[in-house]
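Think of it as A, B, C and D in the order they're written, each chain with its own count starting at 1.
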Amino acid sequence: MITMKEVWKTYPNGVMAINGIDIHIDKSEFVYVVGPSGAGKSTFIKLMYREEKPTRGTIKIGDEELSKIKERHIPLLRRKIGVVFQDFKLLPSLSVYENVAFALEVIEESKANIRKRVMQVLDIVRLKNKARFLPHELSGGEQQRVAIARAIVNNPSVLIADEPTGNLDPETSWEIMKILEEINDRGTTIVMATHNKEIVNTMRKRVIAIEGGRVARDDAKGGYGYER
Amino acid sequence: MITMKEVWKTYPNGVMAINGIDIHIDKSEFVYVVGPSGAGKSTFIKLMYREEKPTRGTIKIGDEELSKIKERHIPLLRRKIGVVFQDFKLLPSLSVYENVAFALEVIEESKANIRKRVMQVLDIVRLKNKARFLPHELSGGEQQRVAIARAIVNNPSVLIADEPTGNLDPETSWEIMKILEEINDRGTTIVMATHNKEIVNTMRKRVIAIEGGRVARDDAKGGYGYER
Amino acid sequence: MKGRTLGRHVKEGGKNLVRNGWMTFASISAVTIMLFVVGAFLLLIMNINEFADSLEDDVEVRVFIDLTADEENQSELETEIQDIDMVQTVDFVAKEDGLESLITSFGDQGTYLESLREENPLNDVFVVQAQDPQQTQVLAEEIQTLSYVDDVEYGADIVEQLFSVTNIMRYAGIVLIVGLMFTAMFLIANTIKITIIARKREIQIMKLVGATNGFIRWPFFVEGLLLGVLGAIIPISALSYGYVKLVEVVQGTPELSFLTMTPPNPLILQMGGLLLGIGAFIGIWGSMMSVRKFLKV
Amino acid sequence: MKGRTLGRHVKEGGKNLVRNGWMTFASISAVTIMLFVVGAFLLLIMNINEFADSLEDDVEVRVFIDLTADEENQSELETEIQDIDMVQTVDFVAKEDGLESLITSFGDQGTYLESLREENPLNDVFVVQAQDPQQTQVLAEEIQTLSYVDDVEYGADIVEQLFSVTNIMRYAGIVLIVGLMFTAMFLIANTIKITIIARKREIQIMKLVGATNGFIRWPFFVEGLLLGVLGAIIPISALSYGYVKLVEVVQGTPELSFLTMTPPNPLILQMGGLLLGIGAFIGIWGSMMSVRKFLKV
């Protein structure tokens, strides 16, 4: 599903965030991306939905090579990928409902379908009663759950989540993890960057550890590692 | 050091975030504030440095009652309190160095002192080499560490930290916790909202658990609780 | 694009005006003020033009008829003049009438000229007006060649000066109004641009969530259109009302009777149409240009 | 505030201009354009005023001297007139000269008046100019009461109409320039306001980190001042240069000799000072007003 070949990424300010990554993620896989702060996890993830373009190397999502997709077809790619951003990226002037609905309006769903589906995912993340709130009226964890709801609302074939439980208490984090596992069971590929040792060690999945922009470890059923 | 008496807070949209909290935190205490997402931890904390005003009740920091401080003396209060915001609140157009220095410029420190002190704290959070970066050029965890640096740079007598390790890997989190403990040992009162069970359970301190805007538990050397 | 999506864009564009409250207010008031200035100058310049026309209409050719011409010759000459294409009107002023008005024009002092009545030294005169005042000189030269014409006078110096003044007025007016229109366009587009720069992050988020450029642009299109149209309403109403009142006052005040004002009827309609057009155009253009910059994500 | 803090504020204000690149550009260009319009109109109106003055200066009182007055009486009358406070100049026109210019003014037709030379029907005349043309009527009435004055004439109708035209021109000019200045102030302040609204969050963060209102305000003060001053430079230079050139061209073109233009020397200095003042004032005022709203955190 996702293939990176000899990918390098240097930011305009000279920071070399990704230094030669070769990786293949199969359809329906569940992958944790771990590593110290500033290791390049978010950059690795941003390359997949083309928020950032690689300096060198090729990236394939499904059968499509990202660098070969026409600029105006990029939105179509992004619709197949649900993203939970590390900084949430909610639209500040839209309500919770409107933020989640946006991902469906974009694919021109009917109003009735949008309503049904949005309320469904808001129920899953337990925010049905805050549908009409604006993002700035929510707690940090609530905002993070809206971001999760928006990422899964259109049943994407790939779900990319950057630190999706950083602002959640352990109980809520586990609820979210169960949701992700269910989605994964239905065939969605999941790539999740995380610092949550407990989750990685308990819910064993493939672990890719990134350090200094390189793959330091790639275990099929590895733990978090980095024991102190 | 911090006393709340019968404090209530209802947001303009009708959400009752804090419902009658009575609490006393002594000088040099180290307090964890835990609780589920949306429980009111951040609101509880925002009341202390007066980002939010209580709907009812009195709050005292040191000998001063917040509601009695003149509007133009509020900045003086805030200079005695270092805050790590849950959403970082870095100034986007200032570099890392300038962001941290800002807290010292405000108290009209000399340029030489500012330079020395800022480089010192940037070294503590291991960001000395990113001093000239802008916030948007940093990873999530790096931004969080800048926020921590800014909060401790002027040696405040109270340090309030809202989820200061949410975007940090366990190893970096522990480094930060050791820094906080040192600061605490030198007499600084610390109030820290967190979801990090491991930290709370390992580094035993007073734990205030908030649920539905009320104090549900207040243990002198409690653990995280909420076992599933 | 499906029909319901268009509906969504229109609704969203309208909602955005409300959501960005302060910014919307600032943009609309910029449009309002600028269109007000443009509209006011437009009315002023149309009136100056009218005034210039009326000054030019006073230009006439005085044809002094030869003293030897009898009545028949005179009417012959009159038809000849009337047959010239450029001629609009021909009026006959008998020498007695000419002397009369000469004496009157001297006021009190005129009495000293009374002696002239005994032996009138003036000629009979045809007063000829050209269809287009600017043709006066050519017309005068042509009339000069006719028989029974003693002399032709049209105040060459003064007429040329008058025309250079009225032409300066006209060109200055056009330069002014065009300049003001561009100023207005620049400033309005500028204001809109700033409000959209402030929403840069939002646009980028939309793109990251899978919106196409078109999808993002449409609500901005609607928003720009609404900004422009809403901003045009107040200046159009105020200027129309104010102009009608002004014309009433000027026409009702005898001391101002020399001011000939352009009648409001077609003028305020034209002005309204123009302002609405400018408003809508710049609103749309300004917001489209500004959004474009942020779509590259 | 310590000295080094003031230095910090000035530096910070300057840096902010650079940091907000696009916004700064938009604000400065709004200031530039608006001041350009205000300056251009200022020059135009000063010239129209000058023109009105020169029209009014042509107004004069013609004092017809009684036919019975001998030379001694005449010079008596002359000193009497000269002693009136309002009087600026008194010129004597002998009746022979008066007739001569009357005949000349008739052009070709004047020859028919030659007969008048034999028995000149005109009076000797004093042509009197008032210090302030608007006093002409009062002056005329006062002269009327003197002895050896046969009659006094100052073209009451025409003079009144002329004054009402020149006064309309003056008032319209003042209204226009004041209106434009307010428009400019509003629009510039508006633009600055929008750019500051976009930085609302930053201001709030500063407050939460312990900055006093004054501390936050100072860099904005400097920034506003710089915006205004930078925005004033281009219009001042362009208008000064353009006006000097224009005056040269007009004075070098014979056909335009009737246009009396205000000399550039003090005018462009005044204009420059005014524009700079407006720019600086609105820059500061606009940014101070806008920051204020967000300081309540």
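The rule is short, and it goes like this: a contact is a pair of C-beta atoms (placed from the backbone, for glycine too) under 8 Å apart; a residue touches a chain by one contact, two chains touch by 3 or more.
The shown structure was predicted, so the numbers you read here are calculated from the model rather than taken from an experiment.
Peer 1: How short can a path of touching chains from subunit A to subunit D be, counted in steps?
Peer 2: Minimal hop count between subunit A and subunit D: 2.
Peer 1: Measuring between mean CA coordinates, which chain is farthest from subunit B?
Peer 2: It is C whose centre lies farthest from that of subunit B.
Peer 1: Using mean CA coordinates as chain centres, what's the subunit A-subunit B distance in Å?
Peer 2: Between these chains, centre-to-centre, one finds 28 Å.
Peer 1: So, what's the distance in Å between the C-alpha centres of subunit D and subunit B?
Peer 2: 62
Peer 1: Please report how many Å separate the Cα centroid of subunit C from that of subunit D, as a whole number.
Peer 2: Centre separation, subunit C to subunit D: 24 Å.
Peer 1: Considering subunit C alone, which of its residues make contact with at least two other chains?
Peer 2: In subunit C, no residue touches at least two other chains, as defined above.
Peer 1: Which subunit B residues touch at least two other chains?
Peer 2: none
Peer 1: In graph terms, with chains as vertices and touches as edges, which category applies: line, ring, star, complete, or other?
Peer 2: Its topology is that of a ring.
Peer 1: Hey, which chains are touching each other here?
Peer 2: Contact pairs between chains: A-B, A-C, B-D, C-D.
Peer 1: Along subunit C, where are the residues that touch subunit A in the complex?
Peer 2: Residue list for subunit C touching subunit A: 1-2, 4-5, 8, 16, 19-20, 202, 205-213, 215, 297.
Peer 1: Quick one: in the complex, what on subunit B touches subunit D?
Peer 2: 49, 51, 72, 75-76, 78-79, 83, 85, 89-93, 102-103, 105-108, 110-111, 150
Peer 1: Within the complex, which stretch of subunit C touches subunit D?
Peer 2: Touch list, subunit C to subunit D: 22-23, 26-27, 29-30, 33-34, 36-37, 64, 107-109, 112-113, 115-116, 119, 121-123, 151, 153, 160-161, 164-165, 179-180, 183, 186-187, 190-191, 193-195, 197-198, 255-256, 258.
Peer 1: Going by the contact rule set out above, which residues of subunit B touch subunit A in the complex?
Peer 2: Its residues touching subunit A are 11, 13, 15, 34-38, 41-42, 86-87, 133, 137-142, 145, 162-163, 166-174, 195, 197-198, 224, 226, 228.
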